[in-house]
Amino acid sequence: MTAADPLPFTADEVMTVAASRALADGTACFVGIGLPSTAANLALRTHAPGLWMIYESGTLGASPDALPLSIGDGELAETADTVVPVTEVFNYWLQAGRIDTGFLGAAQIDRFGNINTTVIGDYAAPKVRLPGAGGAPEIAASCGRVIVIVRQSRRTFVERVDFTTSVGHGSGPGDRERLGLRGAGPVQVITDLGVLEPDPGTRELVLTRLHPGATAEQARAATGWDLAVSPDLAATPEPDPDELAVLRSLTGRG
Amino acid sequence: MTAADPLPFTADEVMTVAASRALADGTACFVGIGLPSTAANLALRTHAPGLWMIYESGTLGASPDALPLSIGDGELAETADTVVPVTEVFNYWLQAGRIDTGFLGAAQIDRFGNINTTVIGDYAAPKVRLPGAGGAPEIAASCGRVIVIVRQSRRTFVERVDFTTSVGHGSGPGDRERLGLRGAGPVQVITDLGVLEPDPGTRELVLTRLHPGATAEQARAATGWDLAVSPDLAATPEPDPDELAVLRSLTGRG
Amino acid sequence: MILPLDRAVRELVHDGDTVAMEGFTHLIPVEAGHEVIRQGRRDLTLVRMTPDIVYDRMIGAGCARKLVFSWGGNPGVGSLHRFRDAAANGWPRPLELEEHSHAGMANRYAAGAAGLPFAVLRGYAGTDLVGRTATIKPITCPFTGQELAAVPALTPDVAIVHAQRADRDGNVQMWGITGVQKEAVLAARRALVTVEEVVDDLEPVPGQVILPSRVVTAVSPAPGGARPSYAHGYYVRDNDAYRAWDAVSRDRERFTAWLNAEVLGAPSGPDAGPDDREEQTA
Amino acid sequence: MILPLDRAVRELVHDGDTVAMEGFTHLIPVEAGHEVIRQGRRDLTLVRMTPDIVYDRMIGAGCARKLVFSWGGNPGVGSLHRFRDAAANGWPRPLELEEHSHAGMANRYAAGAAGLPFAVLRGYAGTDLVGRTATIKPITCPFTGQELAAVPALTPDVAIVHAQRADRDGNVQMWGITGVQKEAVLAARRALVTVEEVVDDLEPVPGQVILPSRVVTAVSPAPGGARPSYAHGYYVRDNDAYRAWDAVSRDRERFTAWLNAEVLGAPSGPDAGPDDREEQTA
C-alpha cells in the first residue's frame, strides 16, 4: 500500500485478519502453511476458540502454542485431538466432505477463481516451475467452501490461468456441478487490497470489499481482467487492537 | 475311528497335529477359530516358534497364552506385535498376498476342493442356513496356500457343493488362473481319517495319506465321490508325546 | 451430546432405518441393541459383519426386515438360531439377506467413510455370492485391464458402537481390537456411541482410536454395555454366556421368555444416567 | 536384517530403481538419501509426495531420471531450486516429471500396499493434471454411474523411511506424524528403515505405527538420520537449516561445493554402526 499516512498495520496484517474473521467458531478448517495457518491460529485465539484445524499431515484438531513453519511440525501432533495417516486425512475427512473451509494460495488466479500453482508459461518449457498441486485440487473440490489468500497484482490475477491446478468456478455457472465438485468453491478471494467474491449469477470474481487505505482503482489496476466492482462495495473494518496484538505475538512482530 | 484296539489319541487330535505339522516355522498364517487356531497354537509351541499368526480381528503376530474362544479375544490384542483395523487385515495383509497359509473349515467340500459354508440345499429355501462367507472367499483366493480341516463324511465330502462360498480348484486345471486367484488354493485337506491333496494334473482331491488306524476303504466310504487313492499312499506318523502333551494342555484335555 | 441411552436411541434410531452396530468380537454394543428392542423399533435394515448374539436377539424380537452381513454365527459356539429361524422360516417375520464376505463388508464401510460410491477389491471371483448378491459387480482396471470386484459404499442412517471412554465434549476413545468401528461411524449419517465411562480427559493409550466429537451425534454412558462381549481394560468376554445363548435361542418359547425377563422386563438403561456412572479404571 | 546404512543401500538400491522415500515433514530419511548420493546411484525414479530438500539434493547430485510427486517445495521457505533447475534446464540432467495431487499419491501408495492395480478417488476433475499426467484416468461407478478418477498403484522397487526405533528382530516403531510411511513400505518390493536407535523392546507408545519385521528388508541405525527434519521424541525440526538451504541450493556452484563438503566428503554412515549407537531417550 502506498497511503501517504502510514496505517498502524500492514497490508498482510489486514489480509490475515480478514481471513481470520471469515472462520466461524466450531467449524472445521483445512489449513495450509503460511498466511492461512496464521489466519486460522489467529481465529482460534480470538473469536473462534472452537475452530477445528486439520493439517494435511494428519493432525486433526491441532492447537499449536506457536505458529508452525511446516504443515507437519511436532507441535501439531502433540496438541492434536488425534493424528491419522495421510490417506485418512484425504479420504475420510476431506473427500468425505467433512471440512467446512479450505484455504488456498495461488501463483495465478483467474476471473473465475481457478488457481494455478503448477507452472507459469508452457507446461513443457515453463517460465517458472512452481511446487505443483499438493492437496489443493481436492481441497478446491471437496471443502464446503474455499477462501483464497493471495496478494493482488496483474501477474497473479490473470484473465486465464496458464495451468488449472485447482478448479474454482471453471468457465462459469454450472461447471462445478458438471464436474461433480461438491463444495461451493472459492467464496472469497482475500487480497492485500480487498476481497473479491464470485457474482452469484456469472460466477465471475467481483470486488466486494476494500481494505483500509486501498481504492477500487488500485484493485482494478492490480487485476489482469476488467475487474467489476460491486455496487455494494463495502469497507473492511480495521483490525482491532486485540486482533493485532494476538497476530503480532504469533508472527513475532511487535 | 472304530479300531478294535483304542489308540492313545483321538481322531481330532491326529487331525490337529497333522495340521500343525503343515505349518513351517517363520511363515505367516491366517488363523480361524476352532481346530485351525488349535493347530497353529500347537505349532507355535512345538516346531514353529516363529510362526506368525494373524487373526482376522486385526491382531498381527499374536501369541496367546491360552487358546482363544473367539477370533477377537483380548488376549490376542495383548500379545500381538500390533493390532490394525479390519480393513488393513484384509487389504494390506491378505489381499496383498502376505499370508503364506490360510486355514478353512467346510460344511461341504467337493472333489475340486471348493467349499460351502453358506447354505445346504437351495439358496432361497435352504435345508440348513450356515453362517456364510466371513473371511473365507478371500482367504481361499489370496493366501499362498490353503489347508482345509474338516471331518470326513459323505454329507460333507460331496460331488459338487450346493453353494460355492470359497473357490478351491474350480472345475479343474486353469480355473484359478482364469479367475485371477493368486494363491495356490487348497493343497491339503486334513480330515479325521487322512489327508487329501489335489492331483497335480487334474486338480481332483486324492487320498495321499492315512492317519493311524484309518483305512482307505473308510476314507472312500466317507466320500461322496469316487475317491482316488494315491499309489504312493503314506501313513501319518503318530503324534509324538510332546505334541500330545502340548495339545492337551491347550484344549484342557488331560 | 451426552444423552441417556433411552433418549439417544429414541432420537437417533427410527423405524425403517438402516442401522450398523459394529464391534469385532470386542466392544459389541449389546446394551444399545437391547434398548432398540425395548423401544420396539421395526423394519430395520441391520448391517453388521458378524451378527453375533446382539443381532440374534434383535432379529428374534422382530426388529429387522433385512440383514446385511458376512458371517452369521455364534463365535466359537455354533449357529445363531434366531437368525436361522428368521432366514429359513420367517419367524417372527421374514428376513431378507444381503450377504458379502468380510473383505467386502470392510471395504464397503471404508468407501462410505471416504465419501466414495463404491470400493474395489480382489474378491468373490468364482464364488456363488456373485450371482446371489446384487451388490457385487465386476470392474475393470483402466490401466492393466484386470477384472476386480466392486461393491457399493455402506452409508447407514445410524451407526452404533461401544467404546471404553468419552470426554465431556463427546470425543470418544477406544483401544484393543477396534475392528471397523471408525469406518462404520464415519460412513453413517448419525452415530451413537455407548461408553463405559465419561471422563474429564482422555489420557492417551497405545493403540487407541479417537472418534472426534464432530462425527459423534450422541454419547451414552452404558457401563458394562458390551457384555457378554468385552471391553478391553474393563472386563473380559463372558464365554459362558455365549455358550448358554445356544440353548436359550434354540427354542422360540424359551427365547421369548428370556427376552421378556431379561430385556423387556428390565428398566430402560439402568446404568445409563451420567450420575449413576461408576468410576472404573482402565 | 540389521545392517550398516552403507551396506543396506548397496544391497537394496540399484541404478534404475524406483525409489520411494517418505516422511511427511517428520522423519524424512535424509541420511539415507545422502548415502544414495555417496554411492553414486543413477537413473532412479524418485517417488515422494513432498520432494523436500532430500530429493533436491539427490536431484542436484544427478541420481534421478524421473520424479513422481505432488508438491515440490521447501516447506515454509519457498522453492526447491535443484528441482526447478533440473525440471526447467535439465541440470545436471533432464528430469522427467509425473505429477499428481497429494490425495492421488496417498491413494496410489494405498493401492500398492493393498495389492490392487489401481485406486479410485474424487479428484482431479476439471484440472489440467488430467491432460498432462497419463496415470490419471476416468472410471465409472458400476452402481451409481458417477465418474471418478482412477490412479495406478505405486509399487516401488524399494521404499526408504526413517523411524524412531527398531527392536533387534527388525520390528519398527514410529509415532507422531506417520504420513504414508506404512503404505510406502507395504507397497514396495524391498524396504529399508533407518532408525534413531535399536532397542531390546519396543515399549508401546500412543499413536505408534508398527512395521512388522517381515515387511522390512533391512534396518539401519542412523541416529539423527532425519535431520534437518525431525524425529518426534528425539530432536526438533531445524527450521534454520531449511531456510539456509534456499541460498545454498540457488546456485549450481555453491550447491556443488556444499555437496562435496557435506555429503561426498563425509564418511559413509558415520553413526551407522550398531556399536556406535548412542542411547537416547524418547
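We call the chains A, B, C and D, going by the order they appear; numbering starts again at 1 in every chain.
Methods note: a residue touches a chain if its C-beta (ideal position, glycine included) is under 8 Å from a C-beta of that chain, and two chains touch if they have at least 3 such contacts.
Just so it is clear, the model here is predicted, and its values are computed rather than measured.
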Note = Moving step by step through touching chains, the smallest count that connects subunit A to subunit B is 2
Pair sharing more residue contacts (C-beta pairs) when A-D is set against B-D = A-D
Inquiry  = Averaging over Cα atoms per chain, report the distance between subunit B and subunit C in Å.
reply    = 29
Query = What whole-number Å value describes the gap between the mean CA coordinates of subunit A and subunit C?
reply = 41
Query = Where in subunit A do residues touch two or more other chains at once?
reply = 82, 91, 95, 142
Remark   = By the touch definition above, subunit D meets two or more other chains at residues 115-116, 121-122, 146, 182, 207
Touching chain combinations (by label order) = A-C, A-D, B-C, B-D, C-D
Inquiry  = Quick check: in the complex, which residue numbers of subunit C touch subunit B?
reply    = 24-26, 49-50, 69-73, 75-76, 79-80, 83-84, 87-88, 99-103, 106-107, 109-110, 121-129, 132, 146-148, 176-180, 182-183, 207, 209, 230, 232, 236-237, 239, 242
Key: In the complex, subunit B residues that touch subunit D   = 28, 52, 60-61, 81-82, 91-92, 95-98, 142
Query = What residues on subunit B touch subunit C, complex-wise?
reply = 33-34, 56-59, 68-74, 76-77, 82-83, 85-87, 90-91, 94-95, 118, 123, 125-126, 129, 131-138, 141-142, 163-167, 170, 175, 179-182
Request  = Can you check the complex and tell me which residues of subunit C touch subunit A?
outcome  = 113-116, 171, 182, 186, 210, 212, 214-215
Request  = Could you pull out which subunit C residues touch subunit D in their complex?
outcome  = 115-122, 135, 137-139, 141-144, 146, 148, 150, 152, 204-208
